[in-house]
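Chain nomenclature is as follows: A, B and C, assigned in order of appearance, with residue numbering initiated at 1 for each chain independently.
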Amino acid sequence: MISTATATHAANLPRHGRRRFRAARIDWASLVGTGVTGFATLLIVTILAVILGNIVINGLPYVSWRFVSTGTATDMFDVNKAGILPMIFGTTARVILMTLFVLPMGVLTAIYLTEYARIHSPFTRIIRSAVNNLAGVPSIVFGLFGAGFFVRFIGHGMDSAFHSGGATVWGQPALLWASATLAVMTLPVVIIATEESLRAIPQGLREASLALGATKLETIIKIVLPQAVPGIMTGAILAISRAAGEVAPILFTGAAYYMRDLPKSLHDQFMDLGYHIFILSTQSPNVDKTRPLLYATVLVLLCLTFMLNIVAIFVRANMRKKMRMLH
Amino acid sequence: MAESILPAITVAPARQPAGTPPILIEAQNLSLFYGAAQALKNISLSIGEKVVTAFIGPSGCGKSTLLRCFNRMNDLIDNVRTQGTVKIAEQDINSPEIDVIELRKRVGMVFQKSNPFPKSIYENVAYGMRLQGVSKTSELNAAVEESLRQAALWDEVKDRLHTSGLGLSGGQQQRLCIARAIAIKPEIILMDEPASALDPIATTRVEELILDLKKDFTIVIVTHNMQQAARISDFTAFFYLGELIEYGATAKIFTNPAKKQTEDYVTGRFG
Amino acid sequence: MGLRRGHRAKPIEWLAEKLIFVVSLSAILIVFLIFIFIGREALPVVFGQMNTALVQKTIPVDQMDKLSPAQFQDYLGLTKEQFASMDRDTLKTLMELKIESTKESSTDKDASVNTAQWRYLLSPHRWTGYDAPKYIWQPVSNIPKYNIIPLIIGSLKVTIVALIFAVPIALAAAIYVSQLARPRVREFAKPIIELLAGIPSVVLGFFALIVMATVLQHIFRTQSRLNALCAGIALGFSVIPVVFSIAEDALTSVPRSYVQAALALGASKWKAASQVVLPAAIPGVFAAVALGFGRAVGETMIVLMASGNASIVSWHFFDSTRTITATIAAELGEVVFGSAHYRVLFLIGVLLFAVTFLTNMTADIVMNRLKIRIEGKR
């Protein structure tokens, strides 16, 4: 027997008639909401397309083999004669050197955080905090740090120690210092990517290894690290891609506007793609004449960073697929 | 590799069922705390050599925790405290003189969720031996074959030893894990619900395997499947909420238990 | 069973663990070093030890013999090597020259002002040749002026433009991609938007300078081609992926069970998203905006190339403007090491670092609280 209250309540619900599940009126809020947010997404994609499109259209005609494989002998602003090989070389050199510095530091730190650290110890939280903070430091501050610490402090120190005649060899902007500065800047990227891949390894594998009588170190070296290699690679590639495009940190630590020869040693300065773009944009005598050159250089830099990014995305997706097999 | 087991020691505590094999593992007043919560309450029990002992009880009653005390895998968890002693072959395994790495080489473990390494079948089984420095191919080959035969897996994988262990079916993976564990010839094998994730056919094969293995190994198995315990174990311990309620020969526990709680559980009145 | 062996049997294990621990301290060490090394260059200005007044107390030539070598170097601004290479007559001439030039410049009433003092760094001052007190940053001039207010305002202006432009778009897109779009669309859209993050800032600056500035000038008929609006929008391009990623993550980590409960009660996807998911993800969204702010305020190349670099105090967004980051980037290459200009540049660097550091800590704390809340509920 249905109580009167229920009966009244039932009577008050909207009657839908025969088509019981049709909506009574249009849900404007949802339509607008979905429309606006979808439009925002589309807008972002459009912005990306416009920027890329503009660069590709204006730059592609001027990118030639000669362009990327020769140096600038005479006029840096002449489209037909300029070449960006020294810039490509400089960018590549500093990025490779940076990787040599940052990979060991970053991977070891990530190993500590995932395998050894106690979860609730204050130390762990401080390290995590420091890593997150480093990730947010402005790139120009890294430039200042590189100038104040690497160039002036360590560089000068090295000069006083090794070249007591007063020669300035290390105490000035150099390839070594620019790479070190970039290593400091990309450290969080490597740490976070490595940590992600270490965490994705199921705990069961470690337990199985330990239950067979392996030590923690043996477990890490034989079981954990081999599985983490794709993640580490992702981190390295992302770091490289980010560092290749950064200009602010190398402004005072090693980038040069013009150098006759390629850098021959770690204490030489170097030319750089990003820096070159900056100089061409802001200091060329005739902007219209330089425009094609600018676009071509930008296109090359963009290709470089994008290729690296895409490779990283693939490696990461592959790794995730393989990890799912383990679970 | 493994040294011979010390001769049997006759003990006659109340917990020791009559007509028993020599004692290998002995827990005395063992309590374990996760932080403030007590997971094991004053457990005292003796496990015999070369028999199958089953731990049964409802979920969360501490069976797996107790099992993990025997190879000190609980050490890996933060915030764990133990009181009381665990002795294996008369040695207190928690004393500071004991090398826990050595302990784990003598006390093997098979987990609930099979966890073969992402390596080849061969390398999975050979892992433990490589850890101990065995590198001669002939020795490794012989040991891998013997373990896989003992685990009743050899015929199925002998032609693909160098393919990935992850390519096997669930039941095969678990037998691979068993092969991996027995390859280093431990004296004791601890099994934590080894068949709970397997289908009935695979479960049967694992159970047959266990009955076969008890010739050479002492086996302690945690299971929530009472019929399984009744099928394969010689001795059974019933746990409830961290306490050992009753321990005895399997036949007795299932047909004529001494405690009412045990009877209620095995007849399915709760659990 | 022969289990006896020393517990720490392998020194290599112990060594390896210690080594790994030490290396992992490097992150903390670096943060400290940044503080220390940038701070140390700025310290003399902070403590008011730099004196840039043109007119300084002169020492009469006949007092020459009372000065120690260190005092000479200080007074005449010489290095050790320069001082060592000079003889008494040269020094005498230098002192006389100094007295001469001091007399000349003392016609300007500002000449005796130590412009590196805090009150000139922050408050307006009526300089010679101006008719009202003004905030002026003009380090390269006879009387160097180091007021940092125009720079702070410049940074704020472009940041505000960037945030107003980027945050609504990024948040809306995050809501769409995370809650409303079909999974296929999500798989597509997320990496594409993250590709935007892969564009180097120098390329965005270039795009703003060459393309956007012209377009904006056509649309708005502004006086300066390069201005805060142009730089702000380009800055927004680089902020969008940051806010999007973090907000999208936060929205996605709201437990699906909430959404399904709402849907089961008859809510549309949009209603579930806006009424259930978004409120639950507010801490994450807040952190996203905070980090977006940090990114905007710290960005250098875009503003350096697209904001016009006029250090004036004006809240007009169509005026050319100069930010803290652009100032450091543009001027540090040309300063004399150890001079007041050099030190003030480091000072604003410290200021910038402090602001982003605090922003990051706040975002960190908020994210941690969010994690605890989610894990607590489970």
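Before moving on, here are some points about what is shown:
Here is the rule we go by: a contact is a pair of C-beta atoms (placed from the backbone, for glycine too) under 8 Å apart; a residue touches a chain by one contact, two chains touch by 3 or more.
What you are looking at is a predicted structure, and each value in this text was computed from that prediction instead of being measured.
Most remote from subunit C, judged by the distance between CA-atom centroids, is B. Two chain pairs, A-C and A-B, are compared here, and A-C has more C-beta pairs in contact (counted per touch definition above).
Comparing each chain's Cα centroid with the centroid of every protein Cα atom identifies chain A as the most central.
Here the spacing of subunit B and subunit C, counted between their Cα centres, is 60 Å. One simple way to say how far apart two chains are is to compare their mean CA positions; for subunit A and subunit C this gives 19 Å. Once the centre of each chain is set as its mean CA position, subunit A and subunit B turn out to be 48 Å apart. Residue positions of subunit B touching 2 or more other chains: 101-102. Each of the following residues of subunit A touches two or more other chains: 215.
Listing the residues of subunit A that touch subunit B in their complex gives 118-120, 202, 204-205, 207-215, 218, 222-223, 227, 322, 325-326.
Across the complex, subunit A is touched by residues 71, 73, 76, 78, 101-102, 104-105, 108-109, 111, 113, 115-118, 127-128, 131-132, 166, 177, 180-181, 184 of subunit B.
Across the complex, subunit C is touched by residues 27, 29-31, 33-34, 36-41, 43-45, 47-48, 51, 54-55, 104-105, 108-109, 111-113, 116, 126-127, 129-145, 147-149, 152-153, 184, 187-188, 191, 215-217, 241, 244-248, 251-252, 274, 277-278, 281-282, 287, 291, 294, 298, 301-302, 305-306, 309, 313 of subunit A. Taken in their complex, subunit C has these residues touching subunit A: 10, 12-13, 16-17, 19-21, 23-28, 30-31, 33-34, 37-38, 40-41, 168-170, 172-173, 175-177, 180-181, 189, 191-193, 195-196, 198-207, 209-211, 237, 240, 244, 268-271, 273-274, 291, 294-295, 297-301, 304-305, 325, 328-329, 332-333, 337, 346, 349, 352-353, 356-357, 359-361, 363-364.
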